[in-house]
Each structure stands twice: as C-alpha cells, then as structure tokens.
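Next come two complexes built around subunit A: one with subunit B, the other with subunit C.
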Partner chain A sequence: MKRIITIALMVIAFANLHAQDDAISRFFGKYLDDSRFTVVSVSPRMFRLMSKIQWDSIPSDLKQTVTRLQSFRIVSTETTPYTFYKEAYAAIDKKEYEELITVRENKDDFRFMIRATGNTIHELLMIAVDKDGFTLMCFVGDIDLDKISRLAADLDIKGMENLKNAKRK
Partner chain B sequence: MEKAKSTMIALLEKYWRAETTLEEEKILAEYFREPSTDPDLQPYNALFAYFEEEAGVLPSPGLEARILHSITPVRHFDWGMFSAAAAILVLVASLFLLTPKPAGPIQNSTAVTRITDTYDDPDQALAAVRHALLIASNHLNEGRKQIINK
Partner chain C sequence: MKVCLLPLLILLITGAACAQSSHLDKVYRQYNGGNSQLSIDPGILLNVSFSSKKISLLHCIIIDGKKNPNAAGEFRDLEHAVAADHFEEWFSIRKGKGRVAAYSLDGPGDQKDLVCLLVGEDDGGLFFHLRGHFTAADRARIEAALQQQDSQ
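Presenting the complex of A and B:
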C-alpha cells in the first residue's frame, strides 16, 4: 500500500511539474517567434540567480513577492492590438484560468486571470489592450495578490505613469 | 489395616493439598479401586472411580488439527486495500485524461517550454520583474477600486 501511495504521489508531482508551463507557452507559443511581438522573459534559473543580488535596498513586499516567483514573461505588440486581444482571450482555457478582475473602458480592457489550487495561486495572467498595444503578462510561482497590490501603494503614482510608458519602448 | 487406613488418610490429605507425587496418586487410585476399602474411606471410592473414568476419556480424532485450523490466521483477500489502490490509480489516470488539452488554431503544444532569458544580468532581470509587478499592482488596485465603486 505504501508503495502504491508513493508511486501515486510521484505521478501527481510529475503532473504538477507539467502544469508549471505558463499560459504564454501553452496558448501563445507562436507569438514568441513572431517579429511583431516584443518578448521579455525571466526564467526559473534567473530567479535563482537573483538570490545573489543585494536585497537591502529592496522593499520587503517586493522582495517577498519576487523570491516566490518561478518565472515571468511579457509578450506585447503594437500591431492590431484589438484583434490580438480578442484572439488571445478566446484561446485561454477558462476551465483552468479563473477570471479575477475585468476592467473595461470603451474599447480598452484589462483582465486578470489566475490558475489556483485551493487558496494558492500558481499563476497570474494579465491580458490588456488599449489603442497603443496589446500585452500579455504572466507570473508563475507562489503568488500573493495582496502583496502585489501593496507594491504600487509603496510608490508614488507619478512614477507608475513613467513605468507604463517605459513598457512600450 | 489400621496402618493402611492411616497411611491412606495421610495420603488423601496430601492429595487435597495437591502435594502428592504421581506414584502416591497411583497408590491412592489402586486403593480406592478395591472393594475392600475401609468403610470410613468408602465414600471416596466413587470419587476415584469417577476420576479414573474421566481420565480414560480421549479427544475425538482430529481435535488437534481442528484447533490449529481455528487459531491459524487465514489470509483473506483484502478488498479494502484493493479498493484504495484502485481509487488512487483512477485518480492518477484521470489527472492525465481529464486535463484539458489545448485545441484551436492559435494554441501551442503543452510540452514544457524552456524559457529563454532576455537578460543575462540578474539585476536587469529584477528591474524588469519589478516594473511588471508595479504595472500589475497598479492595474489590480484600479480593478479593485472599480469593483468597490460599482
């Protein structure tokens, strides 16, 4: 019996590893090789390397959020943003990704979707569109939404606007 | 005769105290088997006759085998364990079979993809993640505000 349970746990662990692939890999792989898209990726290996960084000057909420992440990716384009947004949203498996927040202003939209087991969020997917572009952003790891929410509050909002513009560069 | 009687009484008393040897018990049994027992001791004749009769009772053939059979634990097929193992197997199989497979024109394979790093420097990577987290944070707060205002 013990042997059966061990084998079952190993298989489940393998299945979980399999599930670590992010939404961008699973649904939007073709965008990664598309020259119209800008891709920014940070691998699990790089997240491990970040442990060597001097963390003294980093706010604790940010530190705790980053150290629990496994991978991160952004895919964005300025080409036909609304078309890509529609196509991308349709491609996401809604059984697996739960819609958390949707904000719609005229034609501009952003949605947060999560993949979770119980109360643990494994993946946060942001999909956003405005006239300037379409963005898919994906964080994989152990995600604490409250901590992420607090990050912006720690900064001044002026700085946020600059960041938003910087993303499009 | 009197000597025999007193010896027997002494032996009997020893017998009741359970201190007699097998030899002494044999002497007692033989004495009470004889009809010429001392009249004072005759009430014991029936008792010793009864002991002798009972000693002759033998167990029915195969008793030892029957006892051994009834006390030896029999290994029955454990349906509980079998059911538990089967349930786990079904669970594991369903993990694979029921996991939604990607379908449709723009979906990619589910094979685990290696993420190619955009940055070689962890500091730069952290800066990018930090920017992205702040954008996400800002949008999350914006979304929450809208939900509250509704």
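Presenting the complex of A and C:
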C-alpha cells in the first residue's frame, strides 16, 4: 500500500512539474491560437540545444545567459491593443508577480514584472501597450536582469531598453 | 497487489514505446492511398525510405493552398499527429494563419526524428519529417561543422 501511495505521489509531482507554465499560458493561453495575435515561442529543448553549441562569435556572458534560460515567448497584436492590455494586466496574479518597472506616457504603458524566490528571478514578464499594439513577453529560467536586457537589445525587442537600469529592491 | 503492479507498469511503458510515431504514420498512410479518399493532386508528396544507416526515413508533403480547399485541415491533422506522437517543440512562430515550427522526438537507441512545418497565409505549405540514426560522434561532427561555419 505504501508503495502505491509513493508511486501516486510521484505521478502527481511529475504532473505538477509539467503544469508550471509561464504567465502567458496561464493567464493568456486562450489567445495563443487566435489569428489576431503573433506568437513566437522558443522551448526548453531549443535552449538545451543552444547551450551545447560552442558559438565563437557570441560573448561568453551572453552565452551563459542563454544557457540559463528555459523558455521564451512573445504574444503581440495590433488589434484593439488597449483592450487586450487591460485584460492581460487584470489577469496577472499580483501576489505572485512583483512589479519591477512601470513606464507610463499618456495612454502608453510598459510594465516589467518578475516572479522570484529570494534573490533568484525565475520569470520576467513584460507587458506593454501603445497605439501600435499590445505585447506580452515572457522569459523563464535563471534570470540576470542586466544580461537579459543586453540580450533583448541585441534582438531589438521594443520596450526592453526600459529594463537597462533595473535593480530589485 | 505488488505482483500485479509491476507487470502493469511494464505493460504501460512498453505500450507507450510502441506507440511512437503511430499517429503520423496513420496520416502518411492516408496520403499513400490507404483506406482514405484524400486527394493530393494539388500538392507534391515525396515519401522516401532510405537504406542508408544514417537517414532511415524522409517524408516531405507540399500542399498548394490555392488549389486544395482542405489544405488548412490537412496541416491541422499533421500538427495533431505530431502532438499525439509526443514530439518535443523546439520553436514556433505564428503570424495570422502563417506559421513555422520545428519539433524532434528521441526514439529508441540513437534514433532521432525531426519535423519542420511551414504554412503560409493561403494555408499552403510544407511538412518535412526526417528520421535518422545519429550517434554521439555524428552529433559532435555536426556541432564542429556548425562552429567552423560560425568562426569563418
């Protein structure tokens, strides 16, 4: 009987590990297949593969940043951006996600939120809106804010320049 | 109870291993004119099984979205089969109806399956499935070639 309970517990624990999705799939998952949205998704498998390759032309600290990432996802749309921003921001669990930076100008809004345990940041979430569109972006892994902002600058991701001087309290 | 549990677990694991690629194979059988009336006139189907030790299987399906009214449904079936066969996603990019995705599956021993999918706004596109046997030495050679290309 003890063995059955142990196996059952292991199955539940394994299922929970798989259920630990990013904020986009937890709060905004219904729009992942919506044709109004552009979705970019890089899986943990891809990051594992990238970490095995010794790229010579990439600085070693950026390479280290990439190897510590587990997944990356962007969801964006040009359709009714302010409505979707409002819906997404309301859906995010504020007890779980700590607000890091807010940049607001008229109706435009950029927010960076993190999910952390102690000093370790597990997830960085950017939620942004302007007249051109709404963007929700999520990095999951062992995150160094400074290096992520460099990586994002190299990838030319709009709004990520706001992260450059971010420091946790 | 212990006696029952162990054979049951072994049966489950064996069943899961035998189920690999079965959904995709089912879709391919439809294209090959098995028990279905699926038309492939507008597209091109390249279905090659190699006898080489490295590449053991290649499926390439090209569907013209303008000529085939069910192109979207056929790509949807292929994507469902990939998910049902437990392929692991590498990356995916989707804008409107257009999308690009790559998946892989680790098979028994050194067998690896790689799937690439490209679908355009008109629902036409390309589906590519490669199965090969790549040893650690092969993978090291590929990585070395990539690094050499990168440093040039």
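In the analysis below, the second predicted complex is superposed on the first by the 126 of 169 C-alpha atoms of A that agree within 3 Å, B and C clash if a C-alpha of one lies under 4 Å from a C-alpha of the other, contacts with A are read in each partner's own complex, and residues count from 1 in each chain.
Following the convention adopted for this analysis, contacts are C-beta pairs under 8 Å (C-beta built on N, C-alpha and C of every residue); 3 or more make two chains touch, one makes a residue touch a chain.
None of the values given here were measured: they were computed from a predicted structure.
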Which partner, subunit B or subunit C, touches more subunit A residues: B
Contacts of A:Ser35 with subunit B and subunit C, given as first, second, both or neither: second
Partner chain(s) touched by A:Lys52 [first = subunit B, second = subunit C, both, neither]: both
Touching partner for A:Ser43 - first (subunit B), second (subunit C), both, neither: both
Subunit B and subunit C footprints on subunit A, overlapping residues: 1, 4, 39-43, 45-46, 49, 52-53
Subunit C contact footprint on subunit A (complex, rising order): 1, 3-4, 7, 35, 37-43, 45-46, 49, 52-57
Interface residues, subunit C side, partner subunit A - complex: 1-2, 5, 88-97, 104, 143, 146-147, 150-151
Subunit A - residues contacting subunit B, complex: 1, 4-5, 8, 11-12, 15, 17-21, 25-30, 39-47, 49-50, 52-53, 58, 62, 65-66, 69, 71-74, 87-88, 90-91, 93, 95-96, 101-103, 110, 112, 124, 126, 128, 137, 139, 145, 148-153, 155, 157, 160, 163-164, 166-167
Residue numbers on subunit B that touch subunit A, as the complex places them: 81, 84-85, 88-89, 91-92, 95-96, 99-100, 102, 104, 106-119, 122-123, 125-126, 128-144, 146-147
